[in-house]
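Please find the structures below.
First subunit A sits with subunit B, and in the next complex the same chain sits with subunit C.
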Partner chain A sequence: MSKRVTLSRRHLLAGLAGTAALPVLAPRAIAQTNARLVVIGGGFGGATAAKFLKHFLPNTSVTLIEPNETFVACPFSNLVIGGQREISQQAFTYDGLRALGIDVVHQTAGDVDVDAHTVSLLEGGGSVAYDKLIMSPGVDIRWGALEGYDEAAAEVMPHAWKAGAQTSLLRQQLEAMEDGGLVVMSAPLAPFRCPPGPYERASLIAHYLKTQKPASKLLILDAKDSFSKKPLFLEAWAKLYPDHLEWRGAADFGRVVSVDAPTMTLSTDFEDIAASVANVIPPQKAGEIAERAGVADETGWCPINPLDFSSTLQPDIHVIGDATIAAPMPKSAFSANLQAKFCAMQIARQVAGLDLEPTVLANTCYSYISPDQAISITGVYSNADGQLASIDGAGGLSPENADDSVRTAEAAQADTWFRTITQEAFG
Partner chain B sequence: MSIRISAPDTASKNEVIELKALIQHPMETGYRRNNRGEIIERDIITTFECTYDGDTVFQARFHPGIAANPFLTFYTRATKSGTLEFRWTDQNGQSWAETHSLTVK
Partner chain C sequence: MIRKVRGLILAGLLAGAGLAACSPAATPDESVGAQANAGLSPVAGLALTCSGCHSSMGGGIADISDYTSEAIMTALDRYRLEVDGTTVMHRLTRGYSEDQLQAISDYLGAGQDE
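Right, the complex of A and B next:
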């Protein structure tokens, strides 16, 4: 049974994740278009979108606005925290995109004028005009949503939910901690970036404690009772880290209601817990530019039409990636990458006067449970009356109680996936 | 049944104090079916009461719409030293209670 799921999933992804599956545009239609296409945000969504807009519409001008000259990838950054990778291995530049003729502008997008169809640039001044705009703003932290957790607190109790300095800080704190310490992680309610991310991180921290600081322990305080791949994670934790990892859900009074950085205390409704190292994964929202552009709603996230990922709130703006309301499709690099390709294709077809293709999307999230073992979940999604919906019977989870060889093989697949997706977005 | 209470040990006279109470309970609605299609029997807590030195200071009635592990936060005024009792009673009359002593200075 489980084998069949794995095979069908691979077969499916081979079709969906590659560009080969995207329909080809009529060459004449391409030649006639010279639309100005602008992308805000150079993560997995934005970088891929810029690349595929240029691929589908080679005669158009494609501009990517991204403040950072180096992109630091979140996927695999838990392996940096666990001590298996260096943060430098997470860094990617935009040279590959420039070589394709994409105009990469390293500035912060200030405001989007939806009437004038322009994006202002903060540092250099001036603005960029667009006919179609793709926004891939990622996530920002909802500072203050968890009492006591502000930007200053994050320097003491890192979130490490945006890869870079925060990732390194958490790693350094774990290395500096004396054996016998208590590491506490606070996990938020959905929706948040990378649903299985906290639990992959917990696995790798527990592995570090078990092998390097065996008198220490990790306690996960969770605001919810269920989470992505829970049975597989619980199985792995019971087998691999019985003495080094404890998970406490909402029903077991695990919800953190406030933190106090000076005393390194996390408080639930009934208890104050002092941590040696605290990793607070806080509530999140769409990247701030989404609010300024008027594409985020009162939830803080961006509603889209699954037909082409166009914003339901503003004309000629499309939103992709973590910032979107795309559930049941999760907020992942895989989702952002595929949404980017799909959105670029639909825009190219619109610009070229062709009919849109039906929406079929997929996602796989790999999670490491130890440095050389991984598990995964795959979903396939279609457009059901303006809402993304899972296609029943498609996709699946890694089998429970599987052989170590199954888990090791999935770790190898995860590694290949990371090399492929980063090459596709930035190579 | 596992119960958690959060209440101060001491308070000054006339101070408004926050009380929190959580009980682990499935709050089975009686409307759900199991994987054989059979109705899962209703099993809910129907009342909650908090008494302060014998006087009722907070009361709640629960219905099938209340989620599992009901969690209440409420306030009362600290008037005198005494015992706070938190009591949950289910549809069959079975009840669970927890006490907490409060010293008023």
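Right, the complex of A and C next:
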């Protein structure tokens, strides 16, 4: 399947270079300047993609399908849980996109008919036709993959892994907890959205306990033994929160095998632990629309060609962001934003009949270890035989045992990054 | 200079390709040539990364919008060669060749060089 799609794309590109063959080889007429470009999902990936399609091809019709009128950002939402930010500071509207001439449709994408090239709209009925579709569906929870964890359990033991009401719920539970309580976090196996996210959150919860509820403690039960920025987090925890944070990896029976919401119990193979507040970060998969469109494989995630983030499973659909199989490029807002810009550029180049540019992408993720200190991880990636690969010698972590000035400088950079990337996506 | 030549070549390709004529719905103001903008210049793809962090927001990350190509290249080269550097830029620049960094600098600084 993958080979066929790649081959036809090559033919298509070859066709664009020579004019005579165009009508035959481009039945969808992507060379038309009035190509219909549609984006599903208005997060960091989708909003950025819509803006950059419009930027590169200003006279083209760009439609963004997104059910929510307000987007609530996940990056920096751990600061809401820690008490440093208000959830309202995480909210962004689509007014900026509308002002650019993007048609923002607040409906749920129902099904993608890959043969007819249409997306059905759930609430309003009808459908939207596309020549090129970019899907940025984010993640959905694999309900039931962790025994006992379903939608009802999440109202008691919040995941807070999609920002919004869940974020506020976890914050309220922490505020309501009596001093002396035990907060338990369950962290999943990779892949999941925001690999360092659980550990940034743990740091900020531990800071809250240390400063506001000093007789309390956070226990992280982890399904794995290694995690993003581990040496830096361990260093920070030993230094900042020795009495308020304990991490237990898989080798120490940290993996949670089931939860029971009514009794607030998390069970490992070794013991049952009763929590005062439980934050269960569950196993995840690509947003459900990906499955309905046939762009997710048996892993639940979406394979892509790193040349232009086109789906290897369906023609004329590109997938970006957390839903993709793009490792070693992580599931981060930075990645989604950059993949969106790159994908939009490659589509615009195809529409304009230009050769595609080589894939060179990067990622930077900052994580707070306290309200005024942060650490970072970076990477640079290229396309190696159809897979994204890290460029040797590049990227890596902030230095270990660095001066506080290094950590405070990265906290200031993180703050600027958030304001910049949300402006680029939604402003 | 290289960029300008490339731009002219691009414009020529777009005008000569006759793509608009293949589209039954095309009207003159929708020609591909009119649509293509500086964003589709060669090496634009490399520079897409930068705007995720660099803006006029101020704070912890430099606003490079008024930097010349030379100033950007000087900074990138310093990051690339400074072995004990602690910032994300030190780690990122090591992923690019000198030619790529020069191309990024030329692209981003183009407006300030004239």
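Note that the second predicted complex is superposed on the first by the 395 of 427 C-alpha atoms of A that agree within 3 Å, B and C clash if a C-alpha of one lies under 4 Å from a C-alpha of the other, contacts with A are read in each partner's own complex, and residues count from 1 in each chain.
In this section, a contact is a pair of C-beta atoms (placed from the backbone, for glycine too) under 8 Å apart; a residue touches a chain by one contact, two chains touch by 3 or more.
In this text the structure is predicted, and so the values were computed from the model without any measurement.
A.B. asks: With subunit A superposed, do subunit B and subunit C clash or fit?
C.D. replies: fit
A.B. asks: What is the contact status of A:Asp316 with respect to subunit B (first) and subunit C (second): first, second, both, or neither?
C.D. replies: neither
A.B. asks: Quick check on the superposed pair: does A:Asp272 touch subunit B, subunit C, both, or neither? Answer first, second, both or neither.
C.D. replies: After superposing on A, A:Asp272 lies clear of both subunit B and subunit C.
A.B. asks: Who does A:Ala251 touch here: subunit B (first), subunit C (second), both, or neither?
C.D. replies: So A:Ala251 only meets subunit B here.
A.B. asks: If we overlay the two complexes on their shared chain A, which of subunit B and subunit C does A:Ala348 touch? Say first, second, both or neither.
C.D. replies: It touches subunit C, and subunit B stays clear.
A.B. asks: Just to be sure I read the superposition right, which of the two partners does A:Asp95 touch: subunit B = first, subunit C = second, or both, or neither?
C.D. replies: neither
A.B. asks: Check whether A:Pro399 is in contact with subunit B, with subunit C, with both or with neither, and answer first, second, both or neither.
C.D. replies: Only subunit C; A:Pro399 stays clear of subunit B.
A.B. asks: Scan A:Phe334 for contacts with subunit B and subunit C and give back first, second, both or neither.
C.D. replies: A:Phe334: touches subunit C, not subunit B.
A.B. asks: Is A:Asp179 in contact with subunit B, with subunit C, with both, or with neither (first, second, both, neither)?
C.D. replies: A:Asp179 sits against neither subunit B nor subunit C.
A.B. asks: State whether subunit B or subunit C is in contact with more residues of subunit A in the superposed arrangement.
C.D. replies: C
A.B. asks: In whole Å, how close do subunit B and subunit C get at the C-alpha level once superposed?
C.D. replies: 21
A.B. asks: Okay, in this complex, where on subunit C does subunit A touch?
C.D. replies: Listed in rising order, the residues are 10, 13-14, 17-23, 25-26, 29-32, 34-37, 39-40, 42-46, 48-49, 51-55, 57-61, 86-88, 91-96, 100.
A.B. asks: Going by the contact rule at the top, pick out the subunit A residues touching subunit C in the complex.
C.D. replies: Per the stated touch rule, the residues are 16, 19, 22-23, 26, 29, 31-34, 52, 55-60, 334, 337-338, 341-342, 345-346, 348-349, 351-354, 357-362, 364, 376, 378-380, 391, 393-396, 398-399, 402, 406, 409-417, 419-421, 423-424.
A.B. asks: Across the complex, what residues on subunit B touch subunit A?
C.D. replies: On the subunit B side, the touching residues are 4-6, 20, 22, 24, 68-69, 71, 73.
A.B. asks: Along subunit A, where are the residues that touch subunit B in the complex?
C.D. replies: Interface residues on subunit A, with respect to subunit B: 250-251, 253, 269-270.
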